[in-house]
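The two complexes that follow have chain A in common; it is paired with chain B in the first and with chain C in the second.
Moving on, here comes the complex of A and B:
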């Protein structure tokens, strides 16, 4: 759901740019405060990790394949602000190098897929874990729910932005985006849960990292 | 891993490649903004924008077919979101067809909205392909930094660029190992599909642990060499006469296209 250039009107593009710039600026400050000078190499390598993880495809249906998006995973492992910062870097590289998402729409894409996705994913995960207890089941269910929601809210925000720009009526964009991404979210949720299960089995200490 | 994985053709040598990265970044931004504010019915303006880009692509010695193929990246989004728009509009209808049992009407207004999104996203993608195929990524980052993008962001992006190659190599090795062990079944339904998802999840988990440990080692090595949170680099960026000339000519071309649009 990377929005290309030309899909947003000037007002929506500018408004989302302002909000995203503020959010990313704050996330840099948070990362710097909590991780010190270590945040630069850590965030950079983690950005490369998400980027590389997105290269791994899994079959979806009818011969198509999907891949992990990773916003919720990054947020659950490293915290919502760190996750948002990492996803912003991934989105910048995707826009500049692969034209996946436009430059004028970068603000909107960062808002949807970095800020909203990471915060929705992280806090839903926390909510489920606090309901079901800090055990294997709680972590896996929380990971699934958080990852599913991260995709779903990003898609809804994307539909609303397109509608606000007067490009697509909300009645068309919302059901289309929400429907497709409710399905995509299942794959994201399953993969995220498996990753968390694997990390728990091999390096459980990495799930207890300081959250940024 | 091939070095050109990220910025293919950026090591060619042409007039465009020799410009200062900032000239190319600013020109690309100006172009995309100009396209963004052009009204959708300004047909000749879009044609002229395309001619301008095509001329620069030829001048930069990029293979036209490669550029065209890469610009198709905007299509999935258009197909998913926008392709229904012409059938939903209310305004003046341009035509109405019977497709099997449905009566399909195309609205003029809807077609215009679709055209607006399609042409603008495509032209912008072409401009960005021109930028990323003529600018090496480290130069692009250096240019962005000198143009005022926060230094921390640029530093994180440089680290990311550095390690994308390492980790992408790692992913390719893991994928090869999986495939040679029969990790990809032909039947992809039910349990087999779940098994493949579990395999990919475990691979990503391994990749995360390796990446995190690598980040720790990298940081340790940096601290051992006196890292204090600042990265000091030499920056030899300099606007030369060619940059001023290109910038002026490019802005003049954009203004001319704007003028033609206003007049007609």
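Moving on, here comes the complex of A and C:
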């Protein structure tokens, strides 16, 4: 869902840059307050894992693929602000080094896939866990639901940005983006649940780290 | 040196980079919508390229070039997010 240069008009690109800069600035403040020694290696591993996993596009239907975003996973393990920080690192490297996602569109991509994805994923996960209990089932179902929703919400934001930029009417962009990403979100949900299950089986204590 | 959990985590990420040539090359969700709705042509070429499209330049085999790009990016992201976290973490008294 990385928006390339050329899709957004100046106003939309500038507005999302301003909002994202504020969000990332606040993430840095929160991280500075709450990150402890134990978070550091997990931050490194999450950044590496999300970058690598994002390369692995999986087919979702004839002629269309999707890949993990990872914002929900990072936010569930580390908290939404720390998750947004990692996602921002991934998106910056992808734009600057790999020419995936435009540099003028970086603000929008950070807004959709770092800020929105992490917060939607994290709070839906928390909601499901508080309903189903802090157990294995609650964590896995919450992880799936949060991850699915993170992709869906990011896709809706992306559709709105495209429409605001005059690229395509909202009535066209919204169902198209929401429809295909509802499918891609299933992949996001499954991968997130598998990783959470692996973490619970091997290092369950990592799930108990203070959320940032 | 004893293998710590996060060494294993990094190895798993590098393992994913190794299988990256298996990824589907079909357009992703946004590219699909842009093609179907007729605005894919509006995408501009990047103003500079370093490792465009996850293919390491100057490598003959595309699979190898993809793996190399994946390893470079995975290590870069590990260093960047680890470094940022180490910089930001609370100072322990």
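By definition in this document, the second predicted complex is superposed on the first by the 188 of 212 C-alpha atoms of A that agree within 3 Å, B and C clash if a C-alpha of one lies under 4 Å from a C-alpha of the other, contacts with A are read in each partner's own complex, and residues count from 1 in each chain.
To be clear about the criterion, contacts are C-beta pairs under 8 Å (C-beta built on N, C-alpha and C of every residue); 3 or more make two chains touch, one makes a residue touch a chain.
Everything numeric in this text was worked out from a predicted model, so none of it was measured.
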| item | value |
| --- | --- |
| First, second, both or neither for A:194, with chain B first and chain C second | first |
| Touching partner for A:124 - first (chain B), second (chain C), both, neither | neither |
| Which superposed partner A:10 touches (first chain B, second chain C, both, neither) | first |
| Chain B versus chain C as contact partner of A:25, first or second or both or neither | first |
| First, second, both or neither for A:181, with chain B first and chain C second | second |
| Touched partner set for A:147, first chain B, second chain C, both or neither | neither |
| Partner chain in contact with A:75 - chain B first, chain C second, else both or neither | neither |
| Touching partner for A:34 - first (chain B), second (chain C), both, neither | second |
| Touched partner set for A:155, first chain B, second chain C, both or neither | second |
| Set intersection of chain A contacts, chain C complex versus chain B complex | 1-7, 28, 32, 36-37, 40-49, 51-53, 55-59, 85, 89-90, 93, 96-100, 102-103, 162, 167-168, 172-173, 176-177, 180, 202-203, 206 |
| Touching residues on chain A, where the partner in the complex is chain C | 1-7, 28, 31-37, 39-53, 55-60, 63-67, 82, 85-86, 89-90, 93-94, 96-100, 102-103, 155, 158, 162, 167-168, 172-173, 176-177, 180-181, 184, 202-203, 206 |
| Residues of chain B touching chain A in the complex | 6-7, 28-29, 32-33, 35-37, 70-71, 73-74, 77-78, 80-82, 84-85, 88, 113, 116-125, 128-129, 131-132, 137, 140, 150, 152-153, 155-164, 166-168, 170-172, 174-175, 188-189, 193-194, 196-198, 200-209, 211-212, 214-215, 218-219, 222, 227-229, 231 |
| In the complex with chain B, residue positions of chain A that touch it | 1-7, 10, 13, 24-25, 28, 32, 36-38, 40-49, 51-53, 55-59, 61, 68, 73, 77, 85, 89-90, 92-93, 95-100, 102-104, 162, 167-169, 172-173, 176-177, 180, 187, 190-199, 202-203, 206 |
| Sites on chain C touched by chain A in the complex | 4-6, 9-10, 12-14, 16-17, 19-20, 22-30, 32-34, 36-37, 39, 42-44, 46-47, 49-54, 66, 69-70, 72-82, 84-86, 88-90, 92 |
